[in-house]
Amino acid sequence: MESHKITLLGTGLIGQFYTMTLHGQRGRDRVHSVCALTDDEARTFADKWDIPNFTSDMEKAINDPDTDIVIVGIPNDLHEKAVRLAAGAGKAVLCTKPLGRNAKEAKSMLDAVEKSGVFAGYLEDLCYTPKTLKALKSVKNGAVGTVLWARSRETHPGPHSAWFWDLEKAGGGAIVDLGCHCIEIIRGFIGKDIQPVEVICTADTLVHPIEAEDSSIGLIRFANRAIGQFEVSWTFRGGMDLRDEVSGTEGTIWLNHFLRTGFEMFTAAGQKGYVAEKAETESGWLFPVGDEVVELGYVDMFTDMFDSLEKGIPPMETFYDGYVVNAIIDACYRSARTKKWEPVELFEWRGKQETEEISGLKSFDEDHYLIKTERMPDGKTKTILKNKKTGDITQKID
Amino acid sequence: MESHKITLLGTGLIGQFYTMTLHGQRGRDRVHSVCALTDDEARTFADKWDIPNFTSDMEKAINDPDTDIVIVGIPNDLHEKAVRLAAGAGKAVLCTKPLGRNAKEAKSMLDAVEKSGVFAGYLEDLCYTPKTLKALKSVKNGAVGTVLWARSRETHPGPHSAWFWDLEKAGGGAIVDLGCHCIEIIRGFIGKDIQPVEVICTADTLVHPIEAEDSSIGLIRFANRAIGQFEVSWTFRGGMDLRDEVSGTEGTIWLNHFLRTGFEMFTAAGQKGYVAEKAETESGWLFPVGDEVVELGYVDMFTDMFDSLEKGIPPMETFYDGYVVNAIIDACYRSARTKKWEPVELFEWRGKQETEEISGLKSFDEDHYLIKTERMPDGKTKTILKNKKTGDITQKID
Amino acid sequence: MESHKITLLGTGLIGQFYTMTLHGQRGRDRVHSVCALTDDEARTFADKWDIPNFTSDMEKAINDPDTDIVIVGIPNDLHEKAVRLAAGAGKAVLCTKPLGRNAKEAKSMLDAVEKSGVFAGYLEDLCYTPKTLKALKSVKNGAVGTVLWARSRETHPGPHSAWFWDLEKAGGGAIVDLGCHCIEIIRGFIGKDIQPVEVICTADTLVHPIEAEDSSIGLIRFANRAIGQFEVSWTFRGGMDLRDEVSGTEGTIWLNHFLRTGFEMFTAAGQKGYVAEKAETESGWLFPVGDEVVELGYVDMFTDMFDSLEKGIPPMETFYDGYVVNAIIDACYRSARTKKWEPVELFEWRGKQETEEISGLKSFDEDHYLIKTERMPDGKTKTILKNKKTGDITQKID
Amino acid sequence: MESHKITLLGTGLIGQFYTMTLHGQRGRDRVHSVCALTDDEARTFADKWDIPNFTSDMEKAINDPDTDIVIVGIPNDLHEKAVRLAAGAGKAVLCTKPLGRNAKEAKSMLDAVEKSGVFAGYLEDLCYTPKTLKALKSVKNGAVGTVLWARSRETHPGPHSAWFWDLEKAGGGAIVDLGCHCIEIIRGFIGKDIQPVEVICTADTLVHPIEAEDSSIGLIRFANRAIGQFEVSWTFRGGMDLRDEVSGTEGTIWLNHFLRTGFEMFTAAGQKGYVAEKAETESGWLFPVGDEVVELGYVDMFTDMFDSLEKGIPPMETFYDGYVVNAIIDACYRSARTKKWEPVELFEWRGKQETEEISGLKSFDEDHYLIKTERMPDGKTKTILKNKKTGDITQKID
């Protein structure tokens, strides 16, 4: 039973969630060294979470001789540097989302870990929620047939730290912050081996005094003609809206990760404490979640990362995945400017090289294709057919 | 207390729903004359619904001397002819959705009723669902602030009559059949006096052996920068998915009209009868609706039409609205071909000529704009600010 | 097409809901004469609803020569007098719920209408909600098999008029006010021809300074061993909770009539207007209903009443039903005092005289009864059997 | 960082869930020795879960020198023996629910562990679901005021192993199997220090060929007049229905643990695999849960047990709790026979000795109590008052 000692870079909300997960329940891995912007912040965090070593010196933290894994949980503009250092130190490196501010940065990080040969994992937690994992399994089992469309939506009233709102540090606005989740969720449902081909995207700054976009809708067309749809916004009112929908030839999946999960509370007195991430109200009808670090995927994510590291196999979410996400985001920003569909540009496609296009042709009899059947209010059944030769469409009622 | 005698053209599903509504509950208006494709169909329908006159001759039905209103419930390619005849006969005319197969046809119908001066109503039932009417009232009262985004989704496994699937008769596929609903719902929430400016749209034929599109996603940008989003499909599995979502600067609205309305049933024995329109299964978990003609808006729609006619005012949904919807649909088809945003071309805009753009600038103090505040898991409150002069983004924690 | 002119007694909330229903949509029946406690209240109401005649004299209103139906919508202690006067005037009489303050009063009203031979209807609106009507139809079709258990729950923060809280005028507290609905809903699902045999009931006054109970839970055992369960309270926080659940040998039904019907709204600005009956908050997450008079059953109730009157048949809800409900309530109050199961005492049972008891014995093979089968996490199926002779219980795994 | 080696008694469904939890994610505790009915079953289980030692000899397993904790996951009639042996061996003992078949057995087990001084935990998983834990915290913070009523419902189509259906081995039917969960959940919400005083209960065998009850409803009255309500059944159709509802003076909580948790799937193709515990269908609309061992409380339960053991404090759920639950169940069976409220008989009450009764008296002004206020459809506000001296109830409208 192996266990790990971890260097954690970053003590913001994501650093807290990571540590809460790793030190939570009966876990056997521990954050051993933590690095914050200042010594004070590092000390406070180390005290709170019982972490032996702390520092504000990133290199020192990475090179702590007792740790074998580096977790990168710092602002986007610092990912590349941190990953290079960790790879240089020959340590496994797990990097939070998005991988880079753009595909160029992501590619550079991918190169760094591939050249040094260290284990690398992309910490895309929302692909690991227990609901998503089970839904993905159902999709793989064929429960919904071929996926035609996947919608992933993440909207809330805006992030909790200043740097997210800063175009230079973040590399973008809601698309970079939230869209990276949605895009990878969509890839999971449609099939990570099916190439994303082109995108159309809006990027608007509607209600905040910022340069970055606070609202965006994007469509991604895949090689088999399936469509992914993301909706991201920092303008949503009512909490954090995290929903995914999947439509396939044989079925449908609806996931609600946060606002409607079977936990409903009305309080006239007030909740008197933390409700849930991005909750906007503390009285009236509230919708808490059970265990946030479970429901948001952190637990299963770290399990996959550490188990894969121990088995010597790649995790479910790799740096290459992070790179593909960044490449799609880059195409989204181009599309928002050109107002046209823009190709997704990848230096290399590691999935299927040839993809069969979706098609639903079903023969009804020798002469006809079946279009559909439906039970009518009067109890009769209508069948709609297309003549294979003439193309005529007819109906019969039984 | 006025009441009306009606000529009904068409005895398909929509004709049945209309008659079920008019003859239902304690209504005082009656279908008096019905016209079907054949005498036999007309007789059967007249017998079933206790209608005195029936015929397969459209002109004869329209000119029935006892009726004062003509309801057009026939395939799209016959709307124009029927409306012209009714207008020529000097009768009030109510036409089912979509108004035309395209804006040119719709414009011709609009001209016909405006020239003859008859009362004309656009039978867009889904704008009249009780939930939609109440939600629209809340929006008008300012409950959600300025609407930034409205999503309307209508998807099911495909229509029940052969002509819908025929490109020539219908004028299009899922966009014409379902998108017309969504577009007008979106206009209602964003504001019918705010001009729709441009659209981007996909139109794919994924699983049916037809020429028309069976799947489409469209975005509509309005003059104030709000975005409407429609999703329509004949490929959805699981019933009829009718949902609307509205995001405003101050609030959110979610409407579910069909599959999740507080009526859930599990049956191992089987429902043994009609479940609901487009239901796919008859055992297991089923989701019926209470009274379909109420929930789908038919009751409130006819009340508005007849009450408006009696008061001499335009109804909530006019032929001009139907025309605008057709113009947006035309732009959608152009966009699907050109793969670019296409302008919505209107011969005349009857709404606001100047529209203020959405903006959410809020001052925090003399020197700063407020970006946001959030309660953190540790109970503290973060406030994120932007310096009005330098543009710097900072945060403070209380 | 017959229509009716109505004398309405009572201008409180229920009188408003009744008139809103009758004068709503395209109805052909009208309130023609209204009676309130004072002339002023009567005039105000008549003006608001366009009613020709008004008075504070109950007899005068009942004897208005132009009306053929009397609707009784006044406090419980006045029902008997009003019904006697209406029956004496030879007019159809429709009485709001509960019929009497107790079974004795209800029996006296039943006798009055049966002796005079006038049409009489029991205005139990919640048995007529569109969802309930459709669910009852499914139950009759066998969709859930034999009903074993029905739960009906109505709770809210307390009624809106002073007399409800007055033990003498109302005849009781939450049981009389809300339980009457629940009991009749339960009878509908279990079968109105199956005799209610005995009840156990709690009646507590927990949070209000009143003599009547503000909270009660009751169980009703029927002749076939099915159990009805009602939960009523004037202490609930969060709005009006109206839910029914039905369990049968072959299925399950869950109805939510008010707080979760597919209409969800978040507003930071405030709803700025009426939300829904008994709503407690005007901002945050709100759950309005579409059209309250439809969803609460008023529309279908009056249709059944007037249609039945015209056809000369009894309505779905009769004075005898109201009497049975009162008899069950009487037994509930006795049980709350004696703390034992108390028999339901009926002067006459008009349903089935002999009822088969529920039993689920299924043979698996010659020697065994089947207890159950279940799919296990490992994909295998377990079958649990009982030996018909020895009674031994065994399992086999396939 | 301490970790534990465990002796597991029992390899049925509960043994599997326990092991799946302990060996799941990155846990540091392991089952080291497993005991089944036969050597073969023990070997198969040990192989599957990578457990070093296996046996069919309970004493040998308990006395495995490498283990420090014994987990009892065997049929109810064997709990007492196993607990005595574990206590005798001086090992910490964790016993599955119910503790005993009755209070006498539970008392004997409680005595055994208290005399020997070993750590003992009651494995009541459903009190540890993440939703329940968070809801309990809100209740403790005062978010719902004083709890007046708690409903806990657990129903499904019946258990998966033969012994559950055997009255002698199980000690009862659905009350023992499912009611034990509900009763402890209720105690948690109402307050574990508030004494349960008396119960009324039904126990019916409706659809299975067994001696034990397959359906039961029970009410528990607590010392402060709050009421607990459990509903248990082996006759439910549609899956496993696990819901809790809490009503307090200031708020409401609704928890849905299984059938409606934000995961909805329609499949025409069939799920092709395990759906969820007690799922009845494999196509149509299905409602899986994310991670069953999390959602059902197993993860947080073992964390509390092991953490408490290490800290030397009692766990949240103790053998005394298990004993109280058994005592309440005993009173339920008596009540089902006598058809009266029966006292809960406890050898010793360890909670509050004196409890204040619930009361909601609020003064409105010097002369009046406030009964309630409500916003009416016309926008006015009604206030209902009771005169402190005369008791008269009046209303005023603003």
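By letter and in written order, the chains are A, B, C and D; residue numbering begins at 1 in each of them.
Just so we're on the same page, a residue touches a chain if its C-beta (ideal position, glycine included) is under 8 Å from a C-beta of that chain, and two chains touch if they have at least 3 such contacts.
The structure presented is a predicted model; accordingly, all values stated were derived computationally and were not measured.
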Intersection of contact sets, subunit A vs subunit D, gives B, C
Cα rotation angle, subunit A onto subunit B, in degrees to the nearest 5, is 180
Equivalent interface to B-D (more than half of contact pairs same by residue no.) among A-B, A-C or A-D is A-C
Per the C-alpha means, the centres of subunit C and subunit D lie apart by a whole-Å value of 33
Averaging C-alpha coordinates per chain, one finds the centres of subunit A and subunit C separated by a number of Å equal to 49
Subunit B and subunit C have mean C-alpha positions lying a whole-number Å distance apart equal to 35
Multi-partner residues in subunit B (2 or more other chains touched) are 144, 237-238, 250-252, 266-268, 273
In the complex, the residues of subunit A that touch subunit C are 237-239, 266-268, 280-281, 283-287
Listed in rising order, subunit B residues that touch subunit A in their complex are 13, 16, 144, 148-149, 151, 155, 157-158, 160-163, 165-166, 200, 202, 204, 206-211, 215, 217, 219, 221, 225, 227, 229, 231, 233-238, 241, 247-252, 273-275, 277-279, 282, 339-341, 358-362, 369, 371-372, 374-379, 382, 384, 386, 391, 393-395
Within the complex, subunit C is touched by subunit B residues 1, 3, 24-30, 129-131, 133-135, 137-138, 141-145, 250-257, 260-273, 288-291, 294-295, 299-300, 302-303, 306
